[in-house]
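Presented sequentially are two complexes of subunit A, the first with subunit B as partner and the second with subunit C.
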Partner chain A sequence: MSGAAPDARRAFLLVVPALALLVAFFVLPYFSIIIMSFREPATQGVHGGGFTLANYVSAVGDTFILRKLGETMLLGVGVTVITLLLGYPVAYHLARMRSRWNGLLYTFILAPLLVGLVVRTFGWMIILSNGGVANQALSWLGIIDDPLRLMNNYVGVTIALAHVLLPFLILPLLANIQAINPEVETAARSLGASRWRAFWRVTLPLSMPGIQAGAILVFVLSISAYVTPAMLGGGSGRTMSVLVVQYLVENFRWPAGAALAIILAVAAIVTVALFFALTHRVTRKLP
Partner chain B sequence: MSELRLNAVRKRFGNLEVLKAIDLTVANGEFVSLLGPSGCGKTTTLRCIAGFEFPADGQILFDGVDLTQTAPEKRDIGMVFQSYALFPHLTVQENLSFGLEMRNIPEPERKRRIADVLGMVQLVGFEERFPRELSGGQQQRVALARALVIEPSVLLLDEPLANLDAALRDDMRFFIRDLQQRVGITAIYVTHDQSEAIVMSDRIVVMFDGEIAQVGSPKEIHDRPISKRVAEFVGKSNFLKGKVESRRTDGAVMLAAEIGPIHATAPATTSAGDTVECLLRPESMRTGALDGLENQFPARVEDIIFLGNSVSVHLTIGGGHRILALLPADFLAVPGDEVHIGFSAANVWCLP
Partner chain C sequence: MRRDPGKLILNVFVIAVYIFLMAPIVLIVILSLNSGEFLLFPIEGVSLRWFGALWNSRQFMDAIGTSFQVAAISTFVSGIFGTLAAIYCIRFAHRMRGALRLFMMAPLLIPEILTAIALLFFMYQIGIGTRYSIGLQIGHIIVTFPYVFLNVSSALFNFDKSLEEASRSLGASPLMTFRRVTLPLIKPGVITGCLFAFIISFDIFNISLLLKGIGTTTLPVQLFDYLRWDFDPTAAAVSSLSIIMTLIAILIFDRFVGLRSLRF
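Let's look at the complex of A and B:
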């Protein structure tokens, strides 16, 4: 009886460092951004004296901002869908096959994370530019006459983000699929399900927690990415994150930039919540 | 319900020949066990029958129809796994419904059949539970119900009791056997537990290293094994070496054994003059009233282990030969005592 309270206190002590870190590096900065977003803009100094809703009102009323917000969300969804389609089979293969190629496959998956962000993005510029490797190869094969515009729009940003974020989808999914008893698929087939139906009715619902974890990571990371869209997006492929930095650094409009950042965060939370609601039905029954 | 036939089925994984020409016929409604040590190919045989592995060679026939290369979902089998393999995201009802939905059986009939089968496995009232909310034994019964509700022609079970504790395992043996008899389904049961195979099966297939060593009734396998290896695998054994002195046409032989002259039984291949090794099961030894037993020897008790319902006794007979006897628990002796033991000629089996 008397053991419960000291135990709980000791357990609490264990989380104190993590909690302190969280407050110092996550909650406080967010808090200051929220406050900043309600400050009055100013030309002399970071912000004016009073508080106002004007930053939000003007952002929400600005069709350019709204369009950028929509495009950013679409980019996030696009990258998530692409990584999911590419990553699921890889995760499944790694989880289920005993192959000597698995080690090599792991290396390939993690490779994008081992190269520095700027270097990797330069690599994509070399490949995707108008005179780049991709266009040269395609025209040499006779598939295209004029170079495709793969850079300075969302195409390049999507490709490069999908490349670097693929491991964030594969790794949680891999752990999830590894934890599924492979015999449940065998059982489904013994009960008359084709390979495809066994996957659809059994494996896919059971791997939904992994899909959720991976998809949310990829989505959040792609809408908040800065370097990749800044280097590959050009003018038309500018995302909200690029815009926010532009506001803060180039135009020195801190309150307005903060409001954009908060709007982006809220939109992300709403999208993730929607995604959860959609997939909830499947995961509800999982242990 | 149907008859199953394996014709010279071979299977290899890389360089490893896992099944070497397996021939087997299982009659309609028969309960056959595949018994053998770990790695002998029992699961592989079952997976070939189910269609999860395809033999390199040979045929698998269901009621005379060659289904060797047919996909598992088109084979009309029911399967029970050691891990149960219940669908964790579905309730008991939904687990049972799965196979029926795959067969496009309409809802009212699905409901009726599920209720019937749940009655058979004594799980009425558990429809809405998830597998994680059931005990191991209950999960096992759901797995059984899920395989039976689709009314397959063959039921395949791969060590279904291996994860249960000893007492429950004993109950489930009879439960499964009884259920199989009531449904009248052809069943193939994989196990490496000889006592399980003996109490449950109509016939036992003993496998070693991808080959069938012997096929026979539990009694044949137990009392008339074809080799020392089968004898040792199927139960505790004493082996007596000797030379056949004379042989009658009914198989009764006189043996000059190391422990002295004994009456024994031999297969047709054994003739006078052969040197043989005989199997004497510990449980076929008697003390006390020895009337009518052809072989009687004085013996000295070395040690006694109390097993609850019986005692395991080490004896020395015939000048220093140690031999193991399994005797009723009322055997009252202490190490050092001289006793008389006896065993019938029918229980001394000369290995071919």
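Let's look at the complex of A and C:
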């Protein structure tokens, strides 16, 4: 294929616009976050003249920020566990279903994802506010006398984030379970395993890659979410992202905000790596 | 059909989750038709008065206009850049294909809030800042680009390369081959990617919040700001308008291309 060489070289022009765009406005900007996080703070202008570690030192020494970081991580783990518990049965059910409702149910999972984030969170404001639908329903049923505080704290943020991110868990898992041959479960059953045992020992381990993909996606998206905690978190349910935006937009403390953003990103990477290490034992045995 | 308690429990649970998924969206649409003043049940009557209020709200109508414009430009640019890059990746890149694909997908894999902050700092450093909303437009292109790239890549992956080779060997130029053979075959992928890019651009929040210029706001940011101070059915009206638009897009799309071909 000697004739292909000039073609291949000219073909490289196809990818040049995209590469230029990404390098100029994606890669370089990431360097500017890192650089900004080491700049000296200033009252006049965006940052001072020199470089310093002070932004990191004061962030790590600040118990308020450490508590916020811990709460954000905990929120991420909570949302991931809830979406797994809600999403796995749905993915399993749809993957194994043979009926004409298939397409409609798929739309039900996909549609919320395509409706705007602010709109969906607004829906949860309607449901969770003090006089909202949830409290109305509960008091009508006689379960509560006084309205429950479901908003302006982590309760509301957790519920709404679980809703917002559920499709991100279901979709990869669905693809994964669909690819598992149902016959393997039948084989386990015919060899005397109970339905539960067949699921636990055969299907669940085989769907581990789907769980991994979905869980990481949900975790990263939930700790980096801004809209939902900003709208539903109030004062006490503020996450790290809300804090970072507050630093940047309201307080105009860019170097300190940049350091917080980097700390959040590093914490996310460490947690994902830990999760990989923990689930590695299961996936390693897979064919 | 044999009765099976395990299956029954699974079915009930799954139905409950579907209700959970759809509830907020359905509630918004119902409450936007409320003739009363508040976002509460039971609704007092059915009317379109809040859609009228929306029509008369300059802030919201301007924001809708801005969002349409930004989404259209993003779709156009991402559509071209993404398609070309996907063709190179699948057809010509060999050793570097994996790394290149990962790089092209990076804006999707890294949280949007970080990209927004990075771009904000960068735009200030090169002296443009948030003037003319250039940063906002570029940010939208960066985030929508992977959707086109991904969908076109998977369309290219699934078709027979020998069709292109046949066209070339019969004397067609590369450009001719692209126009008459490749493009028609990957058209569903391009359409899917572009539709996705448009919807995603319409939803992007963090980049719009941090990079909007003075006096320009996209719809999600405008709705967010509105809900800080007001909590009335105008917000429900604009939300249900965007829900209905999304639903129409999904329905048209499902009719012509099929929902299952969407790639995330």
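The rule is short, and it goes like this: the second predicted complex is superposed on the first by the 260 of 287 C-alpha atoms of A that agree within 3 Å, B and C clash if a C-alpha of one lies under 4 Å from a C-alpha of the other, contacts with A are read in each partner's own complex, and residues count from 1 in each chain.
Everything below uses one rule, namely that contacts are C-beta pairs under 8 Å (C-beta built on N, C-alpha and C of every residue); 3 or more make two chains touch, one makes a residue touch a chain.
Note that the structure is a prediction, hence the values are computed from the model and not measured.
K.L.:
Put subunit B and subunit C onto subunit A via the superposition and say whether they clash or fit.
P.N.:
Overlaying the two structures gives subunit B and subunit C room side by side.
K.L.:
Please work out whether A:251 is in contact with subunit B alone, subunit C alone, both, or neither, and reply first, second, both or neither.
P.N.:
neither
K.L.:
Answer with first, second, both or neither: which of subunit B and subunit C does A:126 touch in the superposed model?
P.N.:
second
K.L.:
Given the touch rule stated above, what does A:236 touch, subunit B (first), subunit C (second), both, or neither?
P.N.:
In the superposed model, A:236 contacts neither subunit B nor subunit C.
K.L.:
Would you sort A:99 into first (subunit B), second (subunit C), both or neither based on which partner it touches?
P.N.:
Neither partner.
K.L.:
Just to be sure I read the superposition right, which of the two partners does A:191 touch: subunit B = first, subunit C = second, or both, or neither?
P.N.:
first
K.L.:
Mind working out whether A:183 is in touch with subunit B, subunit C, both or neither, as first, second, both or neither?
P.N.:
A:183 contacts subunit B only, not subunit C.
K.L.:
Go through the superposed model and pick first if A:202 touches only subunit B, second if only subunit C, both, or neither.
P.N.:
first
K.L.:
With both structures superposed, pick whichever of subunit B and subunit C touches the larger number of subunit A residues.
P.N.:
The partner making contact with more of subunit A's residues is C.
K.L.:
Quote the smallest CA-to-CA distance from subunit B to subunit C in the superposed model, rounded to whole Å.
P.N.:
7
K.L.:
Which residues of subunit A touch subunit B in their complex?
P.N.:
181, 183-184, 186-194, 197, 201-202, 205-206, 282, 285-287
K.L.:
Could you list, by residue number, the parts of subunit C that touch subunit A in their complex?
P.N.:
Residue list for subunit C touching subunit A: 6, 10-11, 13-14, 17-18, 20-25, 27-28, 31, 39-41, 80-82, 84-85, 87-89, 91-93, 100, 103-104, 106-107, 111-115, 117-122, 124-125, 138-139, 141-142, 145, 149, 174, 199, 202-203, 205-206, 209-210, 219-220, 223-224, 227, 231, 235-236, 239, 242-243, 246-247, 249-250, 254, 259-260, 262, 264.
K.L.:
Which residues of subunit A touch subunit C once you look at their complex with the stated criterion?
P.N.:
Spelled out, the residues of subunit A in touch with subunit C are 7-8, 11-12, 14-15, 17-19, 21-22, 25-26, 28-30, 32-33, 36, 46, 86-87, 89-90, 92-93, 103, 105-112, 114-120, 122-127, 129, 131-133, 136, 163, 166-167, 171-172, 195, 220-221, 224-227, 230-231, 241, 244-245, 248-249, 254, 257-258, 261, 265, 268.
K.L.:
If we count contacts the way the header does, which residues on subunit B are in touch with subunit A in the complex?
P.N.:
50, 52, 71-73, 77-79, 81, 83, 85-91, 98-99, 102-103, 130, 132, 146-147, 150, 156
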